[in-house]
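One structure, pasted below without further comment.
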Amino acid sequence: MTIPTSSIEQVIPGQGSMAQPEEAHPTKRKRQRFTFVRNKKAAIGLVIFGVYVLFAIIGPWVAPYDPSARGDDLVQPPSAGHWLGTTHLGQDVFSQILVGTRSVMYVGLLAGVIATALSILVGVTSGYLGGKTDDVLSAFANVILVIPAVPLMIIITSILNNASDTLIALVIGLTSWSWNARVLRAQTLSLRRRDYIEASRATGEKTWRIIGFELLPNLTAVIASGFVGTVIFAVLSEITLAFIGIVSNNGWNWGTILFWAQGQQALAQSAWWWFVPAGLAIAFLGTALSLINFGIDEFVSPRLRSAGKTKLKTASGHTVRMRIGFTPVLSSAAAPTPVQREVAKLP
Amino acid sequence: ACGDSPNANNANANKAVDFLKIGMPNGTQTENHNPFAGTSSANALGYKWMIYEPLTQWNPVKPADPATPWLASSVKWADDYKSVDITVRDGATWSDGQKLTADDVAYTYTLIKGNDALNQYAVPYDQITVSGSNVKLTFKSSQFVNQNKILANTPIVPKHVWEKIADPATDTNKNPVGSGPYTLKSFTQAGVTLTVRDSGYWQDLPKVKELRYVSYADNSAQATALANGESEWSFVFIPNAQQTFVAKDPAHHKLWAPGVLGIHGLYINTTVKPFDDPKLRQAMNMVINRTDIFNQAEAGYFHPEIKSVTGLPPGAGDAFIAPEYKGKEFSVDIEGAKTLLAKSGYQLNGKTLTDPSGKPVKIKLSDPAPWSDYQTTLEILKSNFAEIGIEATVEKPNQDVWDANVQKGAFEATVRWTNGGATPYDIYQTVMDGDLLKPVGTASQQGNFGRFKSPEATAALKAYANATSDAERTEQMNKIQKVFVEQAPMLPIGADNVGAAYSDKNWTGWPTDADPYAGAQPTQPYALQIVLKLRPAGA
Amino acid sequence: MSEPVLEIRNLDVDYGLGDRAVHAVRDVSLTLHRGEVLGLAGESGSGKSTLAYGLTRLLPPPGVITGGQVIYHPEKDSPYDVLALSDRKLREFRWAETAIVFQGAMNSLNPVHKISTQLTDVLRAHDPAMSEHSRNARAREMLKLVGISPDRMDAYPHQLSGGMRQRVMIGMALILQPQVVIMDEPTTALDVVMQRQILGQLIELRERLGFSVIFITHDLSLLVEFSNRIAIMYGGRIVEEAPASTIYRNALHPYSEGLLGSFPALRGPKRELAGIPGSPPDLAGMPSGCSFHPRCPKAFDPCPTTVPVLGPPADANAAGRTVACWLHPALENR
Amino acid sequence: MRYFLQRIAFYLFTAWAAITLNFFIPRLVPGDPVQSLIAKYRGQLSSEAIQSLYVLFGLDKQESLWQQYLDYWKQIFQGDLGLSFTFFPAPVSQVISQALPWTVLLVGITTIISFLLGTGLGVLAGWRRGSWADGLLPVTTFFSSVPYFWLGIIAIYLLAGPGSFFPSSGGFDSGLVPAWDQYFIPSAIQHSLLPALTILISSVSGWILSMRNMMVTVASEDYITVAHAKGLSERRVAVSYAARNALLPNVSGFALSLGFIVGGTLLVEIVFSYPGLGFTLLQALGAKDYPLMQGIFLVITISVLVANLLADVAYLLLDPRTRKEG
Amino acid sequence: MTSTKAPSGEVVLEAVGLTKHFPVRRRLRQILRKEHDAVHAVDDVHLTLRRGRVVALVGESGSGKSTVARLLAQLYPRTGGDIRLHGASTRVKGGRPFREYAARVQMIFQDPFASLNPVHTIRYHLTRALKIHGNAGSTADELEAALHDLLTRVSLTPPERYLDKFPHELSGGQRQRVAIARALGARPEALLADEPVSMLDVSIRLGVLNLLRDLKERLNLAILYITHDIASARYFADETLVMYAGRMVEGGDSETVTQAPAHPYTRLLIDSAPDPDRLTGDAGALEEDRGNGEPPSLIKPPSGCRFHPRCPAAMPRCSTDRPVPLEIGDAPGHWAACWLYDKAEAA
């Protein structure tokens, strides 16, 4: 489980020694608000994610068939009638994927929210308060961390008879927050001695306000990327659980499709349409989320925010890349500029 | 240079095909050659029957046929089946060279008798006596229904080895010494290799020089291995077997799945209203499309379709069907079901059936998620029941939860198996035995999960087990079947099979429909019969 | 003090591209002579650091050099344009000819390497033939030179005090005996005792080794005391340049005057501090004409419309000074 | 001293809590090993065998949960993990030691390769930001979002099969016996290629991403500019200055992921029938095999804690700043 | 403002024998030897802040100036000594008492780049400062008026131009003025200004100092002014204290201390300050050998007088006896902790 965690430093905007005060520009800030969308990667991610959300909402209504309804065409390849072919019971795979989107998105997002909330609660509190509270909370997080998540989920879901999506999301959320809590704690530790935190304390702020209004906003990037990571993890977990046949809910999700496909040896039957699309659906969802993650990173951290283009043209027509250590020179070196100054004209 | 390597000769052996590759989807194994331990690798892979032999062999495909003497040269049961006289074969030797004697046989049964952990079938042994090459076993009750379990399913072990073993139940029997034609060559967690004995076997030695057992992680790995020829013989459910297995090598890849006296069916919790009404259950029984289930859920072979209304499988069960039900077969009869329901006070309003009290009839079908054939079955049942307005939902609880619920009677309907045996007794006993009846909430481990209450059936089952004549048995069996058909406490669907998927590319001589001399599962005692019959292909 | 080592001609540096670009350095021409200390002062944000790093193309993105030349005069060879060097040649040029001591020594040293490694890897890069032993010897020598006991060779940066780190950087700058050393506010974070110690050492070394220094600081008193010539920057341009004492006694540009009137003196009678009214200009929306005119007490007609050119003032008799102000129009401006 | 005692106490507490949870959680699941065994065989095992199995497993004696818990601790202190039910009567330690090497070798080596490769690519992508190397990211991201069991199954379907170089399952050829010889080792390597590739493809992008981001951050540090100013070669600046500093968070991540090697690859092992610990764990879970589950959890717990410790130490070694005062 | 009416010269805040030791992490060896090391950041410091007066604190970097300020602001718990607010000993850690204390004693942090939260606008920072201490008025208009008043006071005019900016959009000088405004928002009686002008060029520096002087006079503030710029201390402060290695070594009114320094360290400091009238060339003239010039270790501070290893006038007793503050006599209130001025020694 490697959740792409943003590094400690990268998210603290402009605190380095190279940080320069950006000059005041009233219109510029408004434009920066949309940096997020201007980032191409993030925009693509958002669009894909939007499509998924859309289908999560309308999927069951637009699905051409009842995903569980048996038909007469058994294991048929894609056709006009069944865009993604049929299963061994003649069910329409396309409808199954459409209908399954809701459960996946619901579980993924809910688990993401739960895990993120918990990780903030535990990570930030223990990082900020320190001392005994920290010891207890981080021991707690560590305990959850050392218990392998997937087996734990398997155990818990098997205790729960007939787990609903909400329960599964709860289980995934409750078992997968500890990694983020660790990251957040480390981050908080590095933030809490910052002058601006001390300063707001010196101003007389209450502790909860310092945590909520001074610390948290600075953790946005970590929290956001943690959230995205957890959502991916939750989706993969739900699908994994369904795939190995642990989860007992009755609806459709992509894991269920894969479970049936694998149980029926879809690939060995050359029924790729049954097995491949669900996996791709997951992969694209994950990719979309990671792309959004890029955007979040670059949105919050000015250092990652590319200042417009990274490639430029010199006077001689070459393209040069902006890079550290070798500032591009735009004037043509071949034709030396006259050493003479141009003389300003007097009116 | 590599003479001391355990793999040296193997690499060469790979070229000439004098070995047979047997696979089972049972996951990793730890070394345990104890033939009595249910959890041993010897049991999971079935190779215990290549090392240890039983007294007799019986053919589950033809359960009414008499058993074949094996280590016993003759077996004589008393009429009341409370004792048996066994004459031990002369000429069999253990793989360490010692002679196999009646003492060994008596020792084996004494061992089981004195050790509950080894007494798998809970047989009430009484006396075990030896005289010469004869052994006499007596029992505290009639063992008619258990006769084959006692004689054909008990591996005989050498006394001189086992009497030195402190705890026979937990010993791993590192160096198995048996009377069978094979000895252990090597063990790894992924598999076992047996090699044929040089001499001393009481029959002709088999042609297969080496048996290579491989334990695959799961069904799909095993099925893949079968399809690509890595595995030549296994017992595993192969989805869409025609296409995924047979079609890969139509000339050699064969499936043979004869039904036996053990069935799978939909248990209905008879304490839940309105399913306590046998009429409703009968109507449901009438709309089940068993052919669809057979073809779509069981890949057209795995659980042979049950045709007889008595729930007895075709072939193995034919001999036991009561005269009144001979030739009576299931067929999908939706109209008939509707009429029956209407007559019994049910109403079909559009797509919803309501019971006489006016409540819509709904049923929850449940089975563990990983059992995909059961799951498919449930899906089909669901749409079948919808035809008469019963709204079914399919639940997929965790296997343990499901098992606990089924035992406690906390379910509405579930597809499950019955016990199997040499007579239909085991089937019906699992479903209807009033002695097993426990109140809802208390686990009933042995059977009667549907809480079916029928003093008639209970009495008949008891009478059958203790009968002393065939005539009496037939009479009781007919009574039992009548209750089963009329009350429909469980809706039979498919039979258990003792078949296999195999390849006759390298070895021929497998049992077939034409010559069903034994079952074909590689883990059962008769596997040895098959191995003994195999001949190199082309020879 | 006649021969030039480094001639900056019409250097233009932007941050960013297109119409959003910030012109941080505009048309700056400056000459550094052999062996002198050239002080660079000015408003914060006026482009001093940008100029210094732009010389050797060390500006981080989005910095872009949009025009100009930096002519380097080696001791023996013929002069060449630093900005036109290939990457490989530029690497060879760097440090061997021009070394930089950056603003914060704290961040200039790689925290994970010993200072000995950081000293010797310059030698390894520029003189691969040198033996390990002589590299170490040279590093020791440099440390001794800047007053750090050579047994601190194997210390990590964090084990040294700020002053020591600053001195290590100075030692490192001198290790290849470059012709030019650029120092960007090397002592801001230090107390005066430490500051004097370091600068004293630097001056002494300059006398011994004969390199030239470009010295950037806010501390005018320090600059007046230590440098030979001073250039004052405002809004990306050099507004005045003159020998230190001349500028201290008689600044021509109103901004220079304002600066000199803003710092309190420690010694002598307390004098009235005038300060400069108004606030610094916005580099992205620079005022037209002379960028100082909105704050200039002496602004008159041409100031808001035309940019004054840096040149020797016709009215002042002092030679060797230039100024960009309509009060003291350059000769050619007439 | 207090600090060290505190650390030790902290680790001990974590271990205790984790082990306790590992003991109780599995026992909350309904059912018992015998029932699971019966259910698992679906009719292949007669229900009459139940009683004999209870006796065999020693479950016929009723003991309170508390008593079992105390016994469990007693066992742990004696270094005895009990007997596995699934593989009865094999001791848990034997089952684990049989499976552990496979997992450690397969996952360990792939984790190391993945880390090295990912970090290397990340250095490249971060150093040459905006060049083609940045285009690598969406591609690797795509692969990291693919469920790896899915990838594995497709790989088996496409690449493995009769006549193919890649075997579809197992850890080595069925005819071989584990031994350090020229038959077994190539076979084991051959069998590990596909699973390794699957793990590699799906895990490498995490390393690339985090390394790239760190590189981008570090590349704008002053000392990098100084290194450029010093005229060092590009390689030296990138590797010895930028990457060396950017590596720190990745290294501690790596140390932690080493701890998860043991339990992290359940599905790859299932899909490839690889005889490792993850697969064993799944079997144990399915069979209600408490002793085995506990044993495996214990191994995982300990290795994660040790990895935690390693991460601390690695930081200490790599970052001289943390070495400050002990 | 109530404080305006209070008589000038009244003691607001007083430090008596203030001491702060930071524990250091120990090596194993030290643990075994039971050594307890600590950074002796501040030792036995006496200091008095009066209404309408500015006390300057100068000294080498790392001598503990900021630590004194933070102790006075009660941001660190003190190791020893006492802090008296209007004569009453106070020790507050958090909660309401701390906020009440913060309402009267405010601090401006050394680094304006670090002490403003990058995610909040200037408006937020100032509003919080006003609200916490109940100075925000009751309506939005009153708040707006208060904000304008604050910004106008620190010469950030027109206020609308700055209110909705983020810290990174301001120059260093502007940030430092925001920090001052924030401190004023609490309407304190004492202001602890830690190098409020360190990062500014001279012209802006002058502006900020004039502002503080103005505030002092108008609001009758007591100000502690920490700086490296001794010249500005001379101009701005009424009284100047000199710190060396965690101890006060000299004090007196600013003009006397800067023009007639008594303690050898103060002399060194004054001599080292750059002097534009001393022109290039004679720079080295001052260079006497003063040891290695390194500040002393604060973990194992030199015994006796902490300056003795570098002192050109060191006497044998300097290395053994800790000097006590001694009256110099050239001006009232001028003292130095140096045995040179011991009457007994002279005799």
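Note that the chains take the letters A, B, C, D and E in the order they are written out, and that residue 1 is the start of every chain.
The rule we apply is simple: a residue touches a chain if its C-beta (ideal position, glycine included) is under 8 Å from a C-beta of that chain, and two chains touch if they have at least 3 such contacts.
All figures in this text were calculated on a predicted structure; none of them were measured in a lab.
Participant: In how few steps can one go from subunit B to subunit C if every step must land on a touching chain?
Facilitator: 2
Participant: With chain centres defined as mean CA positions, report which chain is farthest from subunit C.
Facilitator: Centroid comparison gives B as the farthest chain from subunit C.
Participant: Please tell me whether A-B or B-D has the greater number of C-beta pairs in contact.
Facilitator: Result: the pair with more contacts is B-D.
Participant: What is the distance in Å between the mean C-alpha positions of subunit A and subunit E?
Facilitator: One centre to the other, that is 46 Å.
Participant: For subunit A and subunit C, let me know how many angstrom lie between their CA-based centres, rounded off.
Facilitator: So the centre of subunit A lies 46 Å away from the centre of subunit C.
Participant: CA centre of subunit D versus CA centre of subunit E: separation in Å?
Facilitator: Those two chain centres are 55 Å apart.
Participant: Name the residues of subunit B that each touch 2 or more other chains.
Facilitator: Answer for subunit B, listing residues that touch two or more other chains: 224, 368, 398-401.
Participant: For subunit D, jot down the residues that touch at least 2 other chains.
Facilitator: As it turns out, subunit D has residues touching two or more other chains at 29-30, 156, 220-222, 225, 227-228, 270, 324.
Participant: In subunit A, which residues are in touch with two or more of the other chains?
Facilitator: 16-18, 21, 23-25, 158-159, 244, 262, 268, 310, 322-326 - these are the residues of subunit A that touch more than one other chain.
Participant: Residue numbers of subunit E touching subunit C in their complex, please.
Facilitator: Residues in contact with subunit C: 59-62, 171-173, 198-207, 210, 228, 230-232, 234-235, 258-259, 268-270, 272-280, 283-284, 286-287, 292-295.
Participant: Which of the residues in subunit A end up touching subunit C in this complex?
Facilitator: Checking each residue of subunit A against subunit C gives 16-18, 20-21, 23-25, 307-310, 312, 322-331, 333-334, 336-337, 339, 341, 343-347.
Participant: In the complex of these two chains, what residues of subunit A are touching subunit E?
Facilitator: Subunit A reaches subunit E through residues 12-15, 19, 21-25, 29, 194-207, 213-214, 217-218, 220.
Participant: Which part of subunit A faces subunit B closely enough to touch in the complex?
Facilitator: It comes out as residues 68-70, 74-75, 88-89, 157-159, 161-162, 244-250, 259-260, 262-265, 268-270.
Participant: Report the residues of subunit A in contact with subunit D in the complex, numbered from low to high.
Facilitator: Going through subunit A, the ones touching subunit D are 1-10, 16-18, 41, 135, 139-140, 142-143, 145-148, 150-152, 154-156, 158-159, 232, 236, 239-240, 243-244, 258, 262, 267-268, 275-276, 278-279, 282-287, 289-291, 294, 297, 303-304, 306, 310-311, 321-326.
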